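Next come two complexes built around chain A: one with chain B, the other with chain C.
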Partner chain A sequence: MGLQRDTDHRMKGAPGAKVRWTKRVREHKFAYMLVLPTLIFMMMVHLLPMIQGIWMSLLNLNQFTLAKYLKAPFVGLSNYWGLLFDTDNPVRQGLNFAVRNTAIYAVVVTVGVMVMGLLMAILMNRDFPGRGIARTAMLLPWVIPSYVVGVLWGFMWQQNGVINYLLVDVLHLMHDKPFWLMGPNTIWAIIIPTIWRGWPFLMVIFLAGLQTIPDDIYEAATIDGAHKLRQFWHITLPMLKPIIAVQLLFQIINNVYSYNIVSTMFGNGAGYPGEWGDLLMTALTRQSFGYWAFGSGSAASLMLMVAMLMVVGVWYRTFRTELNAQ
Partner chain B sequence: MSRSRRSKSSFVLTSLTWAIVLLTVFPILWMVFTSLHSNDQIMNGITSFELKKPQWVNYVNMWDTVNFAVYFRNSLLICGVTTVLAGSFAVLAGYALARFEFPGSKVFSMSIISTQLIPGIMFLFPIYLMFLWIRNTFGLPMINTYWGMILVYTAFYTPISIWIMRGFFVSIPRDLEESAAIDGCTKFQAFYKIILPLSVPGIIATGIFIFLTAWDELLFAWVLTTSSDVQTIPVGIRLFVGQYNTRYDLLMAASTVVTLPVMATFFLTQKYFISGMTAGAVKG
Partner chain C sequence: MRKTAMASAALLAALSLAASGCGGNNNADNQASGSDNNAKGTNAPAATSTADTSAKTNDDPVTLTAWIMPNSPKPDADFLKTIDPYLKEHPNVKVKVTVLDWGSAWTKVTTAATSGEGPDLLQLGSTWVPAVASMGGIDKLNDKVADVGGAEAFLPAIWNTTSISGQEDVYGVPWFVDARAIYYRTDAFEQAGVDAASAFKDWDSFKAALEKVNGVTVGGKKMAALGLPGKNDWNVVHNIFPWIWAAGGNVLADDNKTVTFNDDKGLEGVMYYTSLAQEGLVDKASLEKNSSQIESDFGDGNSAVIISGPWLAKNFNTPKANGGMDDKAAAKNFAVAPLPAGPGGQYTFVGGSDLTVFSGSKHKDATWELIKYLSSEEAQKAYADISGQLPSKLSVLNAADMDVNMKAFAEATKYGRSYPSIPQWGPTETALQKHFANIWDIVAGVKGDYNKDSIQKEMDSAAAEVKAIVNQ
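On to the complex of A and B.
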């Protein structure tokens, strides 16, 4: 991702490399001063909690041992064991549903956001009356705070809400007004608002990407008789592939760690989103604080992080050539 | 024939575009529209797109029924200070990463990117317990304090902001500092007097990004604040949803009000913001 772009003046493996290293540290006093404030804050709020979290995942932390903090009884890997195999573990309750929902949610939202974003970018890249207004209007959902998205859509999904009014009374697409916030419909009730809020950003990114593709490539293709769909498939998509690769990863991570929309749609953490609405983040937060089970909670977050690391590994292997080509 | 066919397909595409735009904007219009109804009307279900008697009084009552002004102030304060702090750190560290290849710079940039991979709850439990421990051991309250929230937010939003700022500094030619050095400027003077004024658009973009993200944060605010003196809007807004009586009229009015400042800032600075956000993403 451009990490290697800065020119590297170092002479690798040259004799006296060690002398050069200490000299280089002294030479870069200014650079170290610049990163110092960030380093201090990241030590306090990233590194320290991270190490504690790993340690906590090996402790039996509950309402009785909480006061002992990091000196709580050491239980080894039993938190991990409990999460994976012990159905009586309080944090484990309903976690299967949360894992399933998060998987569906992350995949559908990621695909939906990318497809809609690309489609809108292509539509907006044309010249048409009112393009400026349309482009600005499309950005509106992106600016809405996500907790407002949860509150607003939760309100619109209600049985006598506007969505059912439009579907049943205006468009006559359905006979009866369905319950959206109960049962299997819930997964759609959380996916659709997330896509709605997410696609404007992708549209902006893809628009910027489309504008970097030189027009003469398309002109040459038109002369060669390639129609629009072929041009999209053989020019636009390959040219956008590096952007798609990067955004794909960001989207997957964001959506797996999604919390706000579901949480506010179902009573701001106070309510249970149901078997088809609960996500990993809402489930883990609710259960860990509900049962004061911070050991298991930490173990679960650590396992989730390792799972995401594997996703990144797969992602990197898949897109290695595109990422290095830049 | 080809011409008329093209204009026909162009008409279809334009209509499709506007249809999607309309669908996209509809929920926001509906939020504003609902906020101008009485709660009774809303509870019975609004079945008309005509606004007969706008209930502007909702925009007055929302400040009284719930202590919304306090949440608003808390959000402004916490997000404002966070923006200044995290923005400053990002400018400094971003410049260091863009210009200097110092021992450890590769590790530093890698760890900045890796932070994005860590789920929030990975930090949530340890920070919550650490804050409790600090109070019990040193008598210094951390939960329910402005500085506790600001500390957490600043640390969280600094890494990604560094990355955005770094992208900006990379796009400024190095020659500028080199000629400044020839003129006798120190490294700091070159940074402060020449590069910083040039990167104002980038700093604005980064600042808005931090503010928008902090304005949106719920999980940590929910856990680390329990007193309404320091709680932010995302936590406070739930109070309109009562167990027996939900004030949707006020909830929608409040949602509109909290969206407005964000929207205004965004559209006033849209040009900077979008170029800042896309620069890194497109160039990679």
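On to the complex of A and C.
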């Protein structure tokens, strides 16, 4: 409502921006007053901590200066310098592995949950007896807290656990029981549970999207002789593209910032996930809280944030047309 | 319009996730200040009703806030039960207990230390005392510790943790002791024909005994000789250091600046301990497990020997209904022995907790009175009985009426050694944990070949990191 009237003003050619702003506030005083508390709250919980984080990244904030907190010695960009170029920097140690693992993890999990979610959404969109129950049952992994997922899969992945039992003793897919929670296999031990927990959410979103596609388009396509796969390729996918675009971004961001499952799977946060299990978030937590190097930790987090903003930029350029098509 | 809305929504999402990701600090701060508020809430009325000085007179009402860790199955109730006689005698004193968990305790304690808003009585893990003391978070107790008997009254290894190495000031009073000793299955040793009396004498006899007992079948179950956790454990560092010490190595030289654990002796200790796993005396599946899984494996009869703390003996005496393991096969057939002596001596890990007076407390005298009570023989005995931890006071630790397992632990503490009492120990342990975890990967065969060179290389990179930390 307010949006509509604003555009009206603009069309009439409101004078200077300043006048328009004050006038708008005056005209919708009540509405703005209603929004104000939320605005202040959002500033407090989002903006202020962020500014504080940026400030902290410029300080030499460690256990010896912690008592001074934000008044700790100012060191400019040396935290950033240390992370990028100083190979002896303790916070930097092991970050290479974490960057590599996070890249693999984020890409595989994102693709995995989206493909799985879409496939299951299409299946669940068909009419069959017991569909309601099936849909609800599919949501189960998603309602399990990620903490529990980590602990449960941590048990299942053990060398004499149920997964090796299935793979080796029942299905005979492998000769020897491999280690999953140590060594290179660790990356799969964290990817698979994340996909397992993540896809039902995508299924729900895609299911909602599928139901907005009118049936008559499919009917027309069927009359024209298009088979199911063509229909999927030329109708379903393009119609879902805006949803896919948004979910893609959310998944990438979510997975890059993933923490819980990995943290709980290895000694409940105390253990080191290993060179193939350490993600950026677990590494940053350990390297900044574990080493009490809060300045460097903030600097590393901020660099990660900038990198993610660049990902968002690339994403926006890629999907601009789809996002504006609506 | 749509375009900007979508773009800004995406940006906002990215920013807020980034903020919550990078703002881990802030999150934790918020949590901590959340519980601060709790503490404040209970502090406030007491603070207003009793003036600062009036706490000195003994009968003004005072409410003390105590922050403790989950030391026992019902931490808050068990603590209150221990101090119940004191509270009965001092009806004006009320104690509000807040139980922190080890995972978040550090953040809460440092937040309290830096903000000045916190408890009156503060339990600190023994390796935390120097760090919190150097932040100014806890009071010096130099002129007070004579009240509780001073250094001579407590186990030396734990008393060392109450001050910063190389300094005179005392910041805490040892509360209880955590130590490691060997648990072994008496029935398995008997069946394998191993004399337990000589088995744990030194490294050679220990390995020979393990080789003999390996694969013995008790109650229809084939046992591995030894159960030990690898990298996915809370105690990775505590598990390895006794062997480094016994080989004659140490974490740091006496100057507390020179890193020495990666020297030849340190390597020898690590090689001996890991060789037990390498030479088939350990079920390799256990290398993925944590201490409590190893303990329950021992309980189930999957291994004949493990290394654990005093709580396990308590656990074997606790009925299953109360969360104990008295129904397990091992519960009736185990005994406790000290860790074997190596070429450099006989050592075991000793840690525990100290009681401190929080510097922001408004009731310091009343807090000290409570600490005095908790250090009394009566309270030391009561808390040890309830919690299964070892008392820190020698007169109680060596008392004749202790049960046989606790006596064995009291014996083991004679070989006890604690880490250097330096403010940087927390970060040091984090670094060690990471590199020792890599060593376990090598032992398990999933990260290159197991040999002296590969282990030495990992210990050297651990030493480089520790060097940077202790010299900062």
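We take it that the second predicted complex is superposed on the first by the 304 of 326 C-alpha atoms of A that agree within 3 Å, B and C clash if a C-alpha of one lies under 4 Å from a C-alpha of the other, contacts with A are read in each partner's own complex, and residues count from 1 in each chain.
Following the convention adopted for this analysis, a contact is a pair of C-beta atoms (placed from the backbone, for glycine too) under 8 Å apart; a residue touches a chain by one contact, two chains touch by 3 or more.
What you see is a predicted model, and the numbers here were worked out from it, not measured in a lab.
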Which superposed partner A:Arg286 touches (first chain B, second chain C, both, neither): second
Chain B versus chain C as contact partner of A:Met174, first or second or both or neither: neither
Contacts of A:Phe30 with chain B and chain C, given as first, second, both or neither: first
Contacts of A:Leu77 with chain B and chain C, given as first, second, both or neither: neither
Which of chain B and chain C A:Ala220 touches, first, second, both or neither: neither
First (chain B), second (chain C), both or neither touched by A:Asn62: second
Partner chain(s) touched by A:Leu237 [first = chain B, second = chain C, both, neither]: neither
Chain A: partner with more touched residues, chain B or chain C: B
First (chain B), second (chain C), both or neither touched by A:Asn324: second
Contacts of A:Pro90 with chain B and chain C, given as first, second, both or neither: second
Footprint overlap on chain A, comparing chain B with chain C: 3, 7, 46, 49-50, 52-53, 56, 66-67, 69, 160, 246, 250, 253, 257, 267-270, 281, 284-285, 288-289, 294, 297-298, 301-302, 304-305, 308-309, 312, 323, 326
Residues of chain A that touch chain B when the two form their complex: 1-3, 5-10, 21, 24-25, 28, 30-32, 34-35, 37-39, 41-42, 44-46, 48-50, 52-53, 56, 61, 66-67, 69, 120, 123-124, 126, 128-130, 134, 136-141, 143-148, 151-153, 155-156, 160-162, 165, 169, 196, 200-201, 204-205, 208-209, 212, 242-243, 246-247, 250, 253, 256-257, 259-260, 263-264, 267-270, 281, 284-285, 288-289, 294, 297-298, 301-302, 304-305, 308-309, 312, 323, 326
Residues on chain A engaged by chain C in the complex (per definition of touch): 3, 7, 46, 49-50, 52-53, 56, 62-64, 66-67, 69, 88-90, 93-94, 154, 157-160, 177, 179-185, 246, 249-250, 253-254, 257, 266-272, 274-275, 281, 284-286, 288-294, 297-298, 301-302, 304-305, 308-309, 311-312, 315-316, 320, 323-324, 326
In the complex, chain B residues that touch chain A: 10, 13-14, 16-18, 20-21, 24-25, 27-28, 30-31, 34, 44-47, 88-90, 92-93, 95-103, 105-106, 108-111, 113, 115-130, 132-133, 136, 151-152, 154-156, 158-159, 162, 167, 170, 187-188, 212, 215-216, 218-219, 222-223, 233-235, 237-238, 241, 248, 251-252, 255, 258-259, 262-263, 266-267, 270, 274, 277-278, 281-284
Chain A-facing residues of chain C, complex: 1-3, 6-7, 10-11, 13-26, 28, 103, 106-107, 110, 113-114, 131, 134-136, 230-234, 236, 284-285, 287-290, 423-424, 426-427, 430-431, 433-434, 437-438, 440-441, 444, 446-447, 464-465, 468-469, 472
